[in-house]
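Shared between the two complexes below is chain A, which has chain B as its partner in the first and chain C in the second.
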Partner chain A sequence: MRANQPVIAPSRMSQGFDPRNLVLPVVVFAIAEVLALAYVPADSFSLAAPHDVAVELVRHLADGTLMLATAQTLGAALSGLGLGGGLGLVFGVVLGLSPAADRLMSVTVETLRPIPPAALIPLSLLVYGFGLRMELAIIAFTTMWPVLVLTRAAIRETEPGLIEVARVLRLSAWRTATRIVLPGAVPRIFVAFRLAAAISLVVAVTVEVVANPRGLGYGMMLAAQSLHPAISFAFLVWIAIVGWCFNWSLVWLERQFFARRGAE
Partner chain B sequence: MQALPPAVTFPAAAPAAAGKPVIRFIEVGLSYGQRRILEGIDLDIWRGEFVSIVGPSGCGKTTLLRLIAGLARKDEGQVFYNGADVREPSPDVAVVFQDYSKALLPWRTASGNVALALEAMNVPRKEWADRIGSLLDLMGLFKDRDKLPGQMSGGMQQRLQIARCLAQEPKVLLMDEPFGALDAITRQSLQDEVLRIVAERKVTAFFVTHDLEEAIYLGDRVVGMAANPGRIAKSFVVDLPKPRDQLTTREHPRFLAMRHDLFSFIKHG
Partner chain C sequence: MNAVARSLWLAGSLGVAAGFVAVWHAVSAAGLVSPVFLPPPAAVGRALVNGFTNGDMLANLAATVARVFGGWLLASLLGIVLGVIIGISSRARIYVAPSLEAIRPLPVSALVPIFIGLLGFTEQMVLAVIAFGALWPTLLSTVHGFGAVEPRLYEVCRSLRLGRWEVIRKIALPSAMPDILAGMRVGLTVSLILVVVAEILGSREGVGYSILLAQRSYQAADIFAGIFLLGCVGYASAGLINIAEKRLIYWRR
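Up next, the complex of A and B:
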């Protein structure tokens, strides 16, 4: 085992599927169904029976509403992640490699970083109006910070022994960065992107629920406001499924990547 | 109490070879704050010589190596390589670091790690495959060329580090307790490989170790250091026949006499 590689906790998904994991959801689902039949009227404005939710889920999947909303939400999340993560990567590398740049920027970074993404909604709405761009701007702003901070840390914590090897080999600063520092930081940068990707989906749905008339968050909000709890729940269930698939594909990507690198 | 074998005397220094020394320390001193790391270091190392440095922990033997490598500063005196003041690492000087796990790129294969040195030396890319192949072959790693360091044993990783150093085609090979973390059998075979390579390539070797027998077995000369402050306290020529052999050399009466002498020096100063 290599001691100098950051150890990434193996994902639970790698341990295979255990049917016992379904026991609790099925039991909860059954209890909810029974309680709904007993206490929730069919035309309730606040709650819905699980079977009604399932019907709405299938109906909205079939008529394409959910697919369009999913494409809008995931599109915003991924493009925001691309923009924000890309900027975070560039700034993280620069600040990691240059202590002078880091000193110059540290106050700015530490001031901007804690701004809650929801607090940016009014400003972004003012600048971009409704639509993809205002959502993308907020996602990009939010995902930039974890990538920046983790990339900067990964680069600063380059094995000092390898830096000495670079000195003895008289590698130029460029080669030291591209052959030693950056490849060494890649595993942790990948983790940063996985973290940022999860955040991007959260922020996308939040912005849609609060302000932006598009995507899954808006669909859920609209259904709730027009007093269709079953549809709202159906959107919620679908968001959970999308989120799970999204995270699963990130884990899968990461594993492909490390398999290619030969990490065991 | 048995008397020491009196007939054995050791020449104090190497017979001055022709020309100037490759490495020369003149009155070198160094302090970290109040602590005196090195004091009054005078040492000449001649071309093709194998010098072993031994001494207790903290006597500054690694610092001496780092001064030659251009990796450490000094407060007083001068360190010369080929007559020029050492200010930065020289392309002629390769360093085998003690901790191979921190000196190899864990994400590059054996070939890739050797390639790093070739790239650093600006060797044309079309020559890489041949040079990497022959270096890995030399170190017995050819069949492991596509393995990552994490898939190799400690001995193999240290071989790989030596291969990378040789890719520099160095004139001076600095080794900082390179076999300290290896088991006895692996250590002996690597000792013999280093002796063979150094002889074949006519490299000047500077070998830091805390293993006294290893110092004598490998060295043309052994330099013993004392601590607080770090200084050279003993220096003798190892006039054992070459090539050295793990069995006969280590049983040679001169070897045993030198070993006795060195042990009592380390123990009693």
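Up next, the complex of A and C:
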């Protein structure tokens, strides 16, 4: 990920925990609680006091609503990622290995890639109706592009010295690809999947908020529309927690697999 | 590669794309996929022309583009200013940055119902959603860019006795510019997604909402026309960022 594709602020999780990190959230929650007690009526349709949100969060965690919704959302995100990431990987390898194919496909790729995934929700709804499939189609379409682009870049930036070694050893094109180019690209392909996984969760929640009656996004939307702000904030807090844990485990996984590269 | 070869490759690439459209036409003409889902390309073209000449496609497009850029510019400005404030002070980085990092993975579209609850089905709601969502990438990358400034440059500033504002303007901002632009690029992608979500959930006239209306009345050609338009907006805005990147960080090449 060093060249070309600038990566936004790498994760700070490696820097360890500092108790001072907690000052701001504690202060914000305290202020919100005081303001809510002072100004938000108990029957407000749009806002809720933090303690009410906490009560609803615990209640929905205890009765399993949140767990079911989380399983639905994460399941859709990960299967969509498998589908879209798999396709992106195949196309990325092909386009990375063959500059001619890459140039010929460039207009097609550059035309389809900028389509915002949310625009596809109505189309997917028309084709598949409500349910898992319409969500999968959109997640797969969205996650395919980053994996394709980053895999292509990873393969193209193989150390030229290694290619020369392969030439000196008279390796065939196939063996060069499978023995030298692909193994060298694996860590960066993993990074591509990590980024795509983060995107998949965002898209899953978006599809659920907009249209699909399942998962965390729908639970949040339903609570907001039935004017239960404490429940919808509880869903929001839970979505934030799930998002954080999801990203954290992806970074952790990457560390486990590629610990040797950590020193770079 | 010289100019002739490049334009030949471009022509070939356009040819491949035209080939895909031809396949689409053939599939649709042969009735392999129901026209309810997949209208022929000519019908999509007609829907586009019709939308621009007789319908309110132009007004929709203008409204959506104005929202995207208004919200995005607001977010970028706020993100850079807040990012500079947090990034320049090592104390703020310790106290504030981890909380911001913790919020970053939150899917902002989940906030749309809450924004609707607060602001109603209004234009301000759409702008607030986009500005809030597109703020994070720019803010965090600005903080990161400021944190990654070569420490010796700060030492140089100290020996030159530069004021704090001069340090920001002459050293830190240019050095963080690649990060900031990368953040703004992500912010623009986020804005495009959020404008559609906010238009659909907030029932605000625009290209995103027109796609939803087309779906409700089973007008597949209009859906494709809307998706095509949003793709164009995405393509054009990515191109603008590329140009900005070339001009603002020319010294990097």
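In this text, the second predicted complex is superposed on the first by the 248 of 264 C-alpha atoms of A that agree within 3 Å, B and C clash if a C-alpha of one lies under 4 Å from a C-alpha of the other, contacts with A are read in each partner's own complex, and residues count from 1 in each chain.
As a working rule, a contact is a pair of C-beta atoms (placed from the backbone, for glycine too) under 8 Å apart; a residue touches a chain by one contact, two chains touch by 3 or more.
Please read these numbers as outputs of a predicted model, since none were measured by experiment.
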- request: Using the touch definition from the top, say if A:184 reaches chain B (first), chain C (second), both or neither.
  value: first
Message: Quick check on the superposed pair: does A:111 touch chain B, chain C, both, or neither? Answer first, second, both or neither.
response: second
Task: Report for A:175: first if it touches chain B alone, second if chain C alone, otherwise both or neither.
output: first
Query: A:165 contacts which: chain B (first), chain C (second), both, neither?
result: first
Comparing the two partners chain B and chain C, which touches a greater set of residues in chain A: C
Query: Between chain B (first) and chain C (second), which does A:65 come into contact with in this model arrangement: first, second, both, or neither?
result: neither
Message: Contact-wise, after the overlay, does A:79 reach chain B, chain C, both or neither (first, second, both, neither)?
response: neither
- request: Enumerate the contact residues on chain B facing chain A in the complex.
  value: 69-71, 88-89, 91, 93-95, 97, 99, 101-103, 105-107, 109, 116-117, 119-121, 148-151, 168
Statement: In the complex, chain C touches chain A at residues 9-10, 12-14, 16-17, 20, 36-37, 94-99, 101-103, 105-114, 116-118, 137, 140-141, 143-144, 178-179, 182-183, 186, 189, 192-194, 196-197, 200-201, 207-208, 211-212, 214-215, 218, 220, 223-224, 226-227, 230-231, 233-235, 237-238
Field: Of all residues in chain A, those that touch chain B in their complex
entry: 1-5, 159-162, 164-165, 167-171, 175, 179-180, 183-184, 186, 261-264
- prompt: What part of chain A is in contact with chain C in the complex they form?
  reply: 6-12, 18, 20-21, 23-25, 28, 45-47, 103-108, 110-112, 114-123, 125-127, 198, 201-202, 205-206, 209-210, 216-217, 220-221, 224-225, 229, 232-233, 235-236, 239-240, 243-244, 246-247
